[in-house]
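Presented sequentially are two complexes of subunit A, the first with subunit B as partner and the second with subunit C.
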Partner chain A sequence: MSRHELLSPEGLRIDGRRWNELRLFEARLSTTTAADGSSYVEWGNTKIICTVAGPVEPKMGSNRSQDGATVVVEVCFAAFSGNDRKKRARGDKRVQEMQTALQRTFSEAILTQLHPRSEILITLHILSQDGSVLAACVNACTLALVDAGVPMSDYVVACTAGSYFVRGGNNPEDEGEDPLLDMNNLEEADLPSVTVGTIGGGEKITLLQLETKVRLEKLEGMMAVALDGCGKLRELMDEIVRAHGNEVVRRIAL
Partner chain B sequence: MAPSTLTTLISPAELSYLRSSLALVPPIRPDARTPTQFRPLVAEIDILPSTNGSARMVWGDGGECVVGIKAEVEPTEPTSYGKRRNWVEVGVEVQGQRDDDPLGVFLGMTVGESLLTPTSTLTERLVITPKFHWKLYIDILLITPPLSHPATLLSLSTNLALRSTRIPRLISESDEDPIFDDDWDASIPLYSITSQLPPITLLVVSVEERNIFFDPTREELSVGDCVLAISLASSPAHDAPKVIGVRTLESGTGGIAADAKDGVVAASIGGVKRRVIKRIIKESLSVGKEVFESLQGVVDAN
Partner chain C sequence: MPRELEPSTSEKTFVLEALKQKLRIDGRDFESFRGLELSFGEDYGLADVQLGKTRVLARVSAEVAKPFSDRPFDGIFQITTELGPMASPAFETGRQTEQEVLLARLIEKAIRRSGAIDTESLCIVAGQKCWQVRVDVHFLHHDGGLVDASCIAVVAALQHFRRPDVSVEGEKIIIHTLTERVPVPLSILHVPICVTYSFYHGGEISLVDATLQEEQLRDGDMTITLNKFGEVCQIAKAGGLPIGALALLQCARVALVKVQEITAFIQKRLEEDQTLRTRRDNLLESTAENPR
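Now for the complex of A and B:
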């Protein structure tokens, strides 16, 4: 696919969105009964199951810390999640990088000092990948941690933004870069994109990952768009959590 | 048998109590089920857009698994029928276990075994042209570590996933390299409604020759005399299914030696009579028919 087709002259992207629109974000809480907390996130065609165990006694002594709980994140890409079947080994570099990024992000957001000498184990199963996988993982973790009742300072919300180069044709003044919110797989493959994670959907950034080269001046615009998306997502996630809470309370009352 | 699925944390006294209540006529199961009753389960199919077929199943004890099936075109080597074993690859990933964990390999083998029996007709369906065939990758994610033996859970969800599997329609002639229709709506289901359905495997445990139980819990498995995994294939007309395979699994240590006094749990002398096995197979045919009907219900509801 050539880069031109990613954004039509009318300003529509390949999946019909405008530059500042998110894909459909749907999530459910408490999907897995055997876990302390769990969530299922569907973001466009990216689908993720997240389970949380803990705070529990650490299996390994090295995860026991007097200062606070240790957060351990495990990411599993299902072999059928991509376009071609591909089995990823546990030691895969990209998977390990994601695990470390998530581990650091959530060690900051969780009030770990309340559970010393214990471990919080987060497992992510990526069932289907269609762009913004890391961001979807962050959102799924947040919802599962809320479901598990792990104390956090606020929602951790992540979103991606990309930058699309517009060719001016005969008129050089039309040339420029347009930021795009919430990248899907095809856009991610061709355009530079940044993943931004925030605590509380405001200006407090806890995760920033830029995979490709981009001109420094463009970064601010991309981040501003991504932050905007994080704010919207926080509202969505808050609605989902409150609806789930009401449902739980209603069931207890019956 | 991978031992980790059968380790129980209940005491000899509890085992003895459980065994004697299961040996009563009529038997009393700890969760008040009848001998042929299954635990409640939730199932859905066709959930993942990037696969040829997929299913998710949640078992009553919290066991959850997701199955995704992908098909790839592969050239057929002109060899014997036996090579067709490689046309289907089953992989099981258990959460929290290493990649080379024996449990996953063992479970994958159990599922693959029943699919590849010559009577299951799966490999015949994968033939595209004399020179090419589909290679089927069945990947199973076991999201919660098994509380009871997951063989039935995996087999039922694989069955559902196979039934939701669609393969692209061939538009080239049979002597050319295969070319397929791009239109997903024109794709062909691997198993049509009127054909023989993929096989299922049921776990059955017998206690004291008198009673046999379907869908046993881990505790029930550990006090059984004999645990059988019975693979059944259904016929399209929904009459009685056919047994295509029987595999014995290791039962627990709860068997009571014939000469033991007062129901004290001792090491079992092992072995069951032939008539017990005959009865198990006979009963699994009628239960199997019901299971196939309920699976049909899941497919119809989609």
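Now for the complex of A and C:
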């Protein structure tokens, strides 16, 4: 099926995780001083810097809306972020699609009506891609927005899940599909994967992206696993935000 | 930049209130498509789809080209879409709007990335010559559901298309004209069909195949692409209203039924067209008249 054995007979994945384990998720807030809010996320080997400017006065008149703030997202893939050195043009369709997805997701989560006639600019720099890039972007944006103090209804958390076909060998009963949580680059290249984004880690899905063929019956399992991952990630992100908050308060008190 | 005329406040309330009472402006129920009409042109590979008032034309053409150096065994398959002012005065030529990029990406993901066409069968001589199949999608009238309509048009045109037969003799490649040898159809692995859902009233109401007016008033949308075998080729829900996972899965299941219906409809039309063509060809061959 694939060049690599993505799941060992012992049930371990290529990077030693079990099927329901997330990669190490580490994040820091307020990494860039110039921005109103910023975050740095390392999720496995996927590394992203996110900065938020705003709410500010819109530069373009078309972004000025009486009903609420306009969210603008800019995604920049560093030329060295992938396996081959490749510069993505600004007008790249895949990048534009990502920007739109992020923009629509965050317009829903941010309480935009509190900042009419203003703009919130989110800039993402992807330093290293190792799978789940869109999901990592969502999480980085959330943390940077929290850091900027932009009012949101809840954390926006995203996670990926895939589906692995287990070959039974001699006895066909062992055959079946196993869902995998949090895909890395190698797994994403060979297996179908779905990106699920939720507001607040509940079961309501705001972002759903699937780009590879998968049987309809497998979708439910994959989504359930991804939602579970979102719940776990929300706790992790909450811990990070609270730790950062305590640190800031401690520094002010000194 | 011209903008689409937005529905007035009273229109908006009317449509949304009607939806609450389980009514749509055009009298359809929530889970049905508008009347679908599909016709083929005189030549192979021209499909004209009418979905309600939305009208999309897809034209397939093929020429011999050099394959990409990183994929010497694969032919080239391209889909181009351009929203022009013919479809709606809100579209401009030249500038690519966000809507246009999303539309192009969706169709690309649904048909090209899901491997609907076996590109290896388009190879003539590895690394040197291959077929370059192009689908040009033209939008003739925009009344919502552009993705669904153009997807149907593209897959129908691809199934209808016949490319000239080729024979390779050593270094020489001979392309036989359509009259010389029977042209060959493309090798199509599966037929993906897109179904777009629109969500209203906090996700309680989901509509299939929204009209332009309904599209303008929706709170969120999702496009799901399936084939008749029950394989999901692509799902795109780019943000918007949060919807429960179970409701989304239910949408996918309903979409599968729709996809099977549409696939059967396309198949039926293709067969009708084929019988017409055979009859006409037989008639042409059976005349004893000499060309003057």
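Operating definition for what follows: the second predicted complex is superposed on the first by the 251 of 254 C-alpha atoms of A that agree within 3 Å, B and C clash if a C-alpha of one lies under 4 Å from a C-alpha of the other, contacts with A are read in each partner's own complex, and residues count from 1 in each chain.
Just so it is clear, a residue touches a chain if its C-beta (ideal position, glycine included) is under 8 Å from a C-beta of that chain, and two chains touch if they have at least 3 such contacts.
What you are looking at is a predicted structure, and each value in this text was computed from that prediction instead of being measured.
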| After the match on subunit A, would you call subunit B and subunit C a fit or a clash? | fit
| query | Given the touch rule stated above, what does A:157 touch, subunit B (first), subunit C (second), both, or neither? | reply | neither
| said: Is A:124 touching anything from subunit B or subunit C once the two structures are fitted on A? First, second, both or neither. | reply: neither
| task | For A:215, decide between first (touching subunit B), second (touching subunit C), both and neither. | result | second
| said: For A:241 in the superposed arrangement: first (subunit B), second (subunit C), both or neither? | reply: neither
| request: In degrees, to the nearest 10, note the angle that opens at the C-alpha centre of subunit A toward the centres of subunit B and subunit C. | output: 110
| said: In the superposed model, which partner reaches more residues of subunit A, subunit B or subunit C? | reply: C
| said: Per the contact definition in the header, classify A:227: touching subunit B only (first), subunit C only (second), both, or neither. | reply: second
| When the two structures are overlaid on chain A, which partner does A:105 contact: first (subunit B), second (subunit C), both, or neither? | second
| note | In whole Å, subunit B and subunit C in the superposition are separated at their closest C-alpha atoms by 17
| Complex contact set, residues of subunit B against subunit A | 47-51, 54, 58, 61-64, 66, 68-70, 72, 91, 93, 95-96, 98-99, 137, 139, 141, 143-145, 147
| task | Under the touch definition given earlier, write down the residues of subunit A that touch subunit C in their complex. | result | 62, 91, 93-94, 96-97, 100-108, 194, 197-199, 203-217, 219-220, 223-224, 227
| remark: Seen from subunit A, its contact residues with subunit B in the complex are 32-35, 45, 47, 49, 51, 74, 76, 78-85, 87, 89-90, 123, 125, 127-130
| Within the complex, which stretch of subunit C touches subunit A? | 1, 96, 98, 101-102, 104-105, 108-109, 113-115, 203, 220, 222, 226, 230-246, 248-249, 252-253, 256
